[in-house]
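These are the structures in question, set out in turn.
Both of the next two complexes hold chain A, though its partner changes from chain B to chain C.
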Partner chain A sequence: MIVRRRRFRLEPYVEFAKRAIAREATYRFDVFTELTSVAIRIYLLRTVWVALYAHNAEPRGLPLHAIVTYSAVALLMGLILDRDQTRALYDRLHDGSIATDFMKPISVPLSFFADGTGEVLFHALLVVPALCLALLFVHIDVPSLVVLAAFALSFFLGYSVGFLLNFILNCTAFWTFENSAVQLIVTWLTDLLGGQLVPLVFFPAALAGVVDVLPFAAMFSTPLLIYVGIIGPGRYLEVMGFQLVWIVVLGAIATLMWRAGAKRVVVQGG
Partner chain B sequence: MPAERGRMPIIEVAGLRKVFRSIKREPGVLGAFAALFSRTYEEKAAVEDVSFSLEPGEIVGYIGPNGAGKSTTIKMLTGILVPTSGTVRVAGIVPYEARELNAENIGVVFGQRSQLYWDLPLRESFELLRSIYDIPRDRYATNLAEFSELLDLGRFMDTPVRQLSLGERMRGDFAGAMLHDPKIVYLDEPTIGLDVVAKEAIREFISRVNRERGTTVILTTHDLADVERLSKRIILIDEGRVIYDGPLERLREKYGTHRTLVITLADTYPEIEIEGGVVEHRDSSVVRVRFDRREQSAEAMIRRVMERYAISDIAIVEPDIETIVRRLYLEGYEA
Partner chain C sequence: MVSGARFRRMAGLYREYWRINVLTSLEYRANFLLWAAFTLVYHGSAVAALYIMLGEFPSMNGWTFRDMAFLYGLWMVAHALHNTFFSNVDGIAERIHEGDFDRVLIRPVDALFQIIATPGQIFPDELILALLYFAFATAYSGVRVDAAFVLLVPLVVAGGALIDLGINLAIATLGFWFIKVDALRWLVLQLEQEFTRYPVAIYSRGVRLLLTFVVPFAFMNYYPAAYFLHKGDNLFSLPPAVGLLAPLIGIVFVLLAYAFWRVGLSRYQGVGH
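And then the complex of A and B:
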């Protein structure tokens, strides 16, 4: 018997992404609260930094305008990075509807990837109004084009790290029907150790050494430090290489987990 | 059977077996706590040994009690479960080896689980399916128009799936499963929870698709009326094994030997006793008496009743398939 191979078609995945954008757009109230919340948090952080900086001039080479820029950009990045893009995988494993996905002629992980990408694209669009709102309260420094390009690349690498981390977490639903505790811990770790709220350069040296090599830093801290110039062009290769290493490692784990998980898709009530 | 008619079977299942491993839990809080640390597993064969083959265009009722292994078999046919041992071939493809390829040939409807997209209007769910299955546009338009008319989808075509009633959703699911002209459809409890009218509409749709398009249908159901209405052949399974595979008629002849007399008494009697029959049920004036049609003629039974009791009405009830199947499960099947 000749094993006929299926021709890969991009079309269904584009459709998945388009439909995810449309879906997100229907939750208008969520969009409104999300924008307001980002603007308020940017304002609050500015207030905090101004107060803290009143008695400390330029700690660790970050002047006030830089730290305010850092916080504002970090919160705007959160619009994209804080999304649980592959939550659909977890949900569909939970309610058993994953079985119907496997009965369709599609690559199931790619369909989740496409759906997540659509969702993220929609929230990426929100960065524009959020930025406009933020500019009402704070001044955001704009670096040179070279730095901006490096930031964009590093941000994309960081996004990939976040996506894989997320995917791995949602994959745990293959084995355990309850992973909210793990999800919560990872959310805390990302918040604390990713450098979104407090730059990692403020951590005590011993701790910073550890935190710097964790994948959480690759998501927020690396692109942000590039943006504000703490990481200069001389170190771009090194830090982005490090992000890439995390992508490879997490990518391998995600692939293994997906394969093992897909093999044991056992729908409840079989 | 298929070989006799010289046709290639579209589905071939031989010696199929599926064993699930699950964690064994001790009862109680301590047991649950202990399970966190040390786990003992127990193995259970959901499908013990199942073999059958289907010709193109057949409608087969695949029936059995809860936990008999029906859904597990279907999942192996769709390629989402890998058998522990045995072979499966669907339209020449081993499903679990080429899941996506197999998926192009099949359509699936689950009564308890929609395969439509929850957030999307029905029409957009169909559009998405069109792109997933790469259905040519003209074919898609023809099919959609036909199904829309047969299943009366027009009124809720633009309603999000989550807002549809069960009956509407099921009709949508049927259309969705058939849009890509699958060779085979698996229907798992397709009429569960539906009212009589909706059930009939669905049955008519299945029958028509089978007749006009030659679609092979495997129907898993608890509602034996579905089977009686749709399929000539049934496969009965119990505890993971096939206990009967053949025409519905033969089963009826062999196991449907009991008839029931339903007698409405015109007077009151403390005790009812009729030679050759067994009183099954009695409630005030109505008595049900079961007898074997091979041993007693209906005429003799009625005569005996009328000789001893004053009655206002009498009827003979033929066994329905449900009774037959229940009897088969209780007594076992001898070939």
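And then the complex of A and C:
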């Protein structure tokens, strides 16, 4: 096959993203469920922490208002981080329509990235009503602008880690028929080992050792600990450096898998 | 009423249903193992989160990790019983919506029985895991295992499974009137899965009322566990033995849900596909 290199144009990808936003907005019931569910979870975690703090000594560096803030922000982040924005890749590999994607004059991985970005942007908008609902139950601390900026940057890095993890998992569909169970396992592990449910500073030493060598903490824990001030400005460079290392490692794995997988599709001829 | 011959026929169909279930699961072995792994991770991460929380804080309203491990075990067995034997009920609303439900009505067997006995890939892996975990949690919590305990626990978890079934059947029946009951089912499931992990006494009055009288998930594990572990929580000034009412509440809920189901069924006219 002769492929002529074309000049890169951004417009098609913007269009992909717009389409994804429109698609997500049509599922109004799902949006309602998602918002209610986040509100319920925020109420639950606040209640749980209040009960735990009421009869026990306060742990190091995390007063009640900080842990409630942590949980609320973690659940709002989940609106964005728990999405599998590259599921389309899996679906298209499954029904074979990926073959026609390769014929189009576009970069296929970029088209999935654009589609995923559109989906995530829509769900990022949901953070606003979810936040309003959350404020009915809890008070959320707002840190200084510097901390907020560091949080935003670290959150973006964490999002990239999550994107690459999802991409890698969906790439496994080049080889396997069914990976829904694996996807769910990873989602559950991310919520626990990423520190969304319970801050990683509470983990016993043995478990903390496991968490340190896994990429999940780079998604939730790092930005969250920056937000509540457990990670101070002196350590910003170090922790975000770690996040970057994960992006490089996972990016390399994703690239290798994509290349090997794409070749397979061509060899099999669809 | 179900006559003797009809009952024997249904029992035969039910045996056949389980045979197909197990055979299907064994056919897709890799897939089955992955889903079993998911079940393990799902319950494992829930218990791990409790372990970590109560490692940092020794107790929650007087409940230690040992108590809460038992609390989770009671719910897990009851819920796994529901999932193993009645999980098809959860999909009724979708079948009505898709028009697939009409197929059930043209066959000469009770509609609800057919739904419950539709072969899928149901395997008792969650139930086996739940029983093993419950045995461990019982020993670990130090609850007194006497003749009364051995006699009462099966009744309590059976009651819990019926409560689960009753609520799910009632929600599914709403599918006769409303197109989208998935959202409601999802929220109630969340209420069940996440709110039953902690002692109900920590919640505000409204939530306690909800979990005790409206969707009585608290009777699946909290009230019975408080009784077995001798917790003096005394919610709504109810006596501790109220936890033993779980089987009765389960039966009442299933009967009410079944009556509601009959009403829905008699009004059903198809979705007009």
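Quick notes
To be clear about the criterion, the second predicted complex is superposed on the first by the 259 of 270 C-alpha atoms of A that agree within 3 Å, B and C clash if a C-alpha of one lies under 4 Å from a C-alpha of the other, contacts with A are read in each partner's own complex, and residues count from 1 in each chain.
Keep this in mind: a contact is a pair of C-beta atoms (placed from the backbone, for glycine too) under 8 Å apart; a residue touches a chain by one contact, two chains touch by 3 or more.
All values reported here derive from a predicted model rather than from experimental measurement.
Legend: residue contacts after superposition of the two complexes on their common chain; A:Arg19 is shown touching chain B, with no touch to chain C. With both structures placed on the common chain, the touch criterion links A:Met103 to chain B but leaves chain C unconnected. Applying the stated contact rule after C-alpha superposition, one finds that A:Lys263 touches chain B and leaves chain C untouched. By the touch criterion defined above, A:Trp175 lies against neither chain B nor chain C after alignment on the C-alpha atoms of chain A. In the superposed pair of complexes, A:Val48 makes contact with chain C only, with no contact to chain B. By the document's definition of touching, of the two partners only chain B reaches A:Glu11; chain C does not. Within the superposed three-chain model, A:Phe202 lies in touch with chain C and out of touch with chain B [touch as defined at top]. When the two complexes are laid over each other on chain A, chain A has no residue in contact with both chain B and chain C.
Across the interface of their complex, chain B is touched by residues 1, 3-6, 9, 11-12, 15-16, 19, 23, 26, 96-97, 99-100, 102-107, 263, 265-267, 269-270 of chain A.
Chain C meets chain A in the complex at residues 31, 34-35, 37-38, 41-42, 45, 48-49, 52-53, 55-62, 180, 182-183, 186-187, 190-191, 194-195, 198, 202-204, 207.
Interface of chain A with chain C (complex): residues 29-30, 32-33, 36-37, 40-41, 44, 47-48, 50-53, 55-56, 59, 178, 181-182, 184-185, 188-189, 191-192, 197-198, 202-204, 207.
Contact residues of chain B toward chain A in the complex are 20, 46, 71-72, 75, 78-82, 92, 97-101, 103-104, 106, 108, 110, 113-115, 117, 119-120, 124, 127-128, 131-134.
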